[in-house]
């Protein structure tokens, strides 16, 4: 095989047995194993948007082991073979991708349906509608400080919106719903509602460890011991103190965070005591439920029921024929 | 005293001790009692928008007893006196009001903030947006059949929207919220959602006995034994059978009624299994909560807490100063 | 092998390796597979009262696939061989059974201990005791309309009485218990009680899809979305409307259906409000519990405990030596 | 007034103002008070089957105070007067009743509908059906030891069967129900079932302090700290040890007592593990519910609902017109 | 009456009708009323250790109304009279007490059994045992900052330790218990445990408004909206940030505060995840329960039961004779 | 191989392939199997403190099967071989151990950290502090009667302290905690508390079947049907009757046993009604929780979380770095 031969990038779905193929892939998982000849090798599951393939890097070094880890993007060239009826990809060359490769991670992992930057701008548009200058400032500071993570963080490890930029997508949907509700319930203070929506889960950025692919490996120590509700209150406390925010305003925002799960058994020791907090809870729930329902309906045909969905109280969901 | 003297109608707040006063009043409550001289008399609490007054009709007949009952509107003339430090109204003349008196009952009892006919038209506007001809027909039939009651029925005996035309007000608010949500969750079937909102509590018209003042005296026998959820399903079943509605469609509408309380312990043996039913539940809850919160906030000052509100899980509600 | 050779029918327990055997069997399950030579074949589990055997129909056609499906009875001739230490039945000839074969399905699947027709007659005997002519008529109509299914339906997919004619068996036991109780509690209205017992689960015939073997494959769409309680109420509503039944009577019957699970969390939004409904609930529970206990005790020795039984709140059951 | 005058006994409903009346009455309640002249007097509520009356014993001694206490039967002679529109009975003579008066306490307090001795005989009839000689002996011993109390004890302080001989009435009804059920569920061990029914509440005789009128004043120290379930187990333990009962049999009887409330939160740490214990629980519940329902229905008209009944999960009960 | 006459101070129990008496009293409650002559007067309930008395200040001024309010200590001289059989105190002279009066408030209101300063010193003794310098510093800062309030604050408005210096008493008892437990469970980190005990309820000082008498009038706005658990976490956050405490240490302390109610439904969204937090919860509960039990036992005799105690799950408590 | 050759005892960790080894081992599990030559053999898992090994006894007799059962200690000699990469021990000689072997079972199974006899003496020391002679006598009798089992019984089959002498270890820790608490809550009756601690789980000796290794095979019939709480009450009842104990004292001890799980759903139909019973519950809980937490922390590093622990409400436990 001639390394220098110019070959085009292919996607996994285009692989043909017996050919040399090359392309960009995500390392979904990887294990270091020892072959019968006592040599170490890496056993990968590689993925792109079109599918997954098992791949082997024979004769790997310790450096390889350290470098090629789960959730990294790699450029690979290798032979496509068959083993026990399934395709296998024998790696000839492999390297980590660089900025120059100009890849969009959204093409390799499940992601929100809108570009993160676009959603971030939409959030800023709503921040612009917050008239109370202190609230406006506090929200802006927290967004700026955390923009890096916000761009790619999911909203959960396993639950609703648990994919790349899921948190941002959750926030933008909720802001739109809040806008709609405020037209029916005109006595609502929109400054509080918008700030509450934007900040209600902001501390998830520090409750969970997420890779830039939007995949959560684990909860942080602080996430386990305190949880995003208390962490979020601490974040507001810190910035409120920096900008010398009116105490009542800071407490109201903290109360919205504290009460947004609505019930003690779901993590909110206080139930909502102002209508904006009450709405925040319902908007949050609606957006989660619609996400979960849509996701399950997308995978079934009209007239069919989904499997039981744990996140929806173990319900089956039905896709009407009407 | 000269009965023929022309005197102007007065409201209770304008009454002066020692004068003859006349006006239109609502009989809030009435009791037949026996005086020390063994004569029967009627002891009323009369009310108008401005207040309440105790009134006596001495020497009443059995006919009077049967005629002047709670929740009726009456025209009264009498002397305003004082007894044990409180005003007392000694009735000289009294009659039931007639259509010619041209009274608006809304002026005597708590009522929805919009005229019932206006809200009814608004509901019809949304019905016009239901494209599925069967659903459209069924909703129209049920509205027409029940318009008379719908105009004045409250949504509850004691809970949220428990005043004249409260059910209609509840429906119109919910329709607007539904419209807003459908713009964010575009996969929602609006025909089902609008029909579900309009019909979800329709059987309350037969679960409770309400006077035309919007005051519920009691639950009906069927209301007690079956409840408005099952009664509503029966209503849909009957009309669906009349118009030979597609069976799946009828079942979906019935499922929305059945599941709109969301949890078995609140009367829904099935949880929502389609997204429209899920949304219906949340819209219903939000509208109830916002009603209860607003009602409690309207009575307190900024910076104060309400008393504990039973309907809101015994919470106090706070009125922010922000 | 000579196909024409006359051989006697055998039961699975009588099979001998190396012989040609023939008999009638139930297809418990069947899968279409592809052999290494790329030919399709059917892989069966066949059963009769005496046991189960794996069977192969090599070289099957698409027609075969469509015809030989689970829960059908078949006549089979084939060679009994051994593979990996277990018997295997290589099918030579197979056909669906016909009425002429004169088979009793009870001999192939778990069934109630009494013949279905006999139990049906017993139910009619109790109907004969219902003096209220409207109730009598309504019960008769619903029985006649549904006799076909009632004959073989189980009372559940997995729970108590989940075998052929289980529902009928459940009803007849309950009727006898009701008769006994009515002698102690003489104020009970037996018309309501007997009707309630007969109809309480009648809509299970439409909540679940059962084969004529009494094996439930799944819940129906309406069963999932409404459930047999609401479906049963609709059935009564339809017939009550046809026979112009007294409204109160219809509501009482519907209330008995509605409340027979006794608690909201078990599907009854209303608890029993008449003594007949209260008794119906207890009789239903007792019959289910005695069924489950007896079933578990039948399989253990005196002095032993059963395994934990999920349907009995995860209890172990003890078989006394006394 | 001549004390020696012979006057006939009267019932309260026959009292006439201004006359001297005499009769037998129950002291429902009594209070020692001090009159304005600083003399002590006793203020009674006296009762018979026909009603209640306020009575005064002026100038009472300390001996009187000690003697005339609540729940005693007294013979009284006195003047019937009127005070503030109500009858008042000014006591001239009073004494405690004696055996010679030959009174039946059932005529003064709410009691079971059958004579206690008759019900006790009925229980013995069922004991006669217990074939296991050890069980038979143990039940007989416990009945004999406790016959005195059993004759008059109620089954509860406030709940179902809380009147004179209520416990005995509860037991006899349950025995009849058990007999009926055993005909449907033929595998039931009737020895265990009958013994379980007779003994399940036997320790209520020591959990509560009841007067011979069947009125419970309070719980005993042991009743509060251990409760009738544990007390009953101790009673069986003692007798089983005396008669050297087979250990398994004793444990089975104790298990039936222990589990007859069915759920931990109702006092049974173990759920029934034998079918006889399971039936015992249901028979107990049915008999309590039928008692409570009947009691409430007896006081209302057809077509009416009772008030909410706390003992029946706060339900209203309906009396059908059918 | 001669104002100059020198009279000794008396306690309420020593008052004699017809005498002029003077002394120091606590204003338990006071109401401004209007007499029949249209003059305003103040109607007091005054108290000292020995009892309570009704008192009147006729002809009060607006200044008096503002000055003599509930929970203040006053010096009073007046006539002791009788009205409707009860003592009444007609105030001649009244003034607020001053420091020069040298009164101990403990003598007028229920208080902890030890002097506050002594208990505060005991707490400091335990702080001295905290070896981790950061924890030691943080605890010291928070104690010093809040010593003023800590001295008199109760631990609750109505629950256990709801009297003057009750919080301090609760803390010192818990510290002693913690010390004992640490000798059995030697792996416990005493620095964390002592700090957790001292700080667990520290924010009650800001959750409730207490007078210096240890009487709580109400919850604060922040107390209502956030609660002492979240407020306490904020207090630790602020000081930890000031002293640049190790982040893990601060989180551990905050976790102890957060989890000390052990269950979400009691206000702890996280259960204890370190053994010190687990112990803190149990020590807190034990001290509360022992307080409530002792309090109820102190008021009854051996062999008696207390009334049902709401704070103890509605139990009665028994005082053994052993 | 020469059987007479003297070889030293070895532990499993010292085994070398190809050598003859001998030693003492615990039979963890054993199965009788049939080899391909139709001979029966025994397949063991043998264990000592240093590890486990698979072992085969070829050609076993029925006597061997009966003799070499799980949880026995054996002396074994055999060849150490390798099969499929794992060590295998081919048994040449095997015998049950005898007293002469002078083995300590603690060296073969998980056990309490202190010698059983030492802990038993410690318990007696506390008994010595019980001043009430009846309580002292009752506790002594029960200890003496049950010393044999108490020495080795675990406190549970799977939960906390489920190893050899675990119950004794649990009791001694609790006694120490009780001693500490009694110094803070001086009104506590130590006689009751110490007796309650010693007896609270005493009937576990008869609720579960434990081998002398402290391994529970199953619950007893009585354990299943009554449970150790009721069994313990019966034990106290028997001895109290023998020594004619004061009735109140016996009831108090029984109440402590009855209530020590604190909540009906955990097996205590009565909650603690005396402070000693309340303390007993908390001490029991604390000792269980500290055991479980310590056990989980012992297996992880500082800064790490344990897995979720079922016994601790499914919590993760954190090991601080502080």
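Labels A, B, C, D, E and F are assigned to the chains in the order they are written; within every chain, residues are numbered from 1.
Basically, a contact is a pair of C-beta atoms (placed from the backbone, for glycine too) under 8 Å apart; a residue touches a chain by one contact, two chains touch by 3 or more.
Protein names from UniProt, one per chain: A, B, C, D, E, F = 3'-5' exoribonuclease.
All values derive from a computational prediction rather than experimental measurement.
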> So which chains count as neighbours of both chain B (3'-5' exoribonuclease) and chain C (3'-5' exoribonuclease)?
Replying inline: A, D
> Just going by residue numbers, which of E-F, B-C or B-D has an interface where over half the contact pairs are the same as at A-B?
Replying inline: E-F
>> Taking only the C-alpha atoms, how many degrees of rotation bring chain C (3'-5' exoribonuclease) onto chain F (3'-5' exoribonuclease), rounded to the nearest 5?
In response: 120
> Which is it for copies chain A (3'-5' exoribonuclease) and chain E (3'-5' exoribonuclease): same residues on both faces, with over half shared, or different residues?
Replying inline: same
> What is the distance in Å between the mean C-alpha positions of chain D (3'-5' exoribonuclease) and chain F (3'-5' exoribonuclease)?
Replying inline: 49
> Multi-chain contacts in chain E (3'-5' exoribonuclease): which residues touch at least two other chains?
Replying inline: 221, 224-225, 248, 252, 273, 305, 316, 318
> So that we know how the chains sit together, what is the shape of their touch graph: line, ring, star, complete or other?
Replying inline: other
> Considering every pair of chains, which are in touch?
Replying inline: A-B, A-C, A-E, A-F, B-C, B-D, B-E, C-D, C-F, D-E, D-F, E-F
> Touching chain F (3'-5' exoribonuclease) in the complex: which residues of chain A (3'-5' exoribonuclease)?
Replying inline: 221, 224-225
>> If we count contacts the way the header does, which residues on chain D (3'-5' exoribonuclease) are in touch with chain C (3'-5' exoribonuclease) in the complex?
In response: 132, 173, 176-177, 179-181, 183-185, 187, 189, 191-192, 246, 248-249, 252, 271-275, 278-279, 282, 285-286, 289-290, 293-294, 297, 305, 312-313, 315-322
>> Quick check on the complex: what are the chain F (3'-5' exoribonuclease) residues that touch chain D (3'-5' exoribonuclease)?
In response: 221-222, 224-227, 229-230, 233-234, 237-238, 241, 247-248, 251-252, 254-255, 258, 264-270, 273
>> Which stretch or stretches of chain C (3'-5' exoribonuclease) touch chain F (3'-5' exoribonuclease) in the complex?
In response: 303, 305, 316, 318
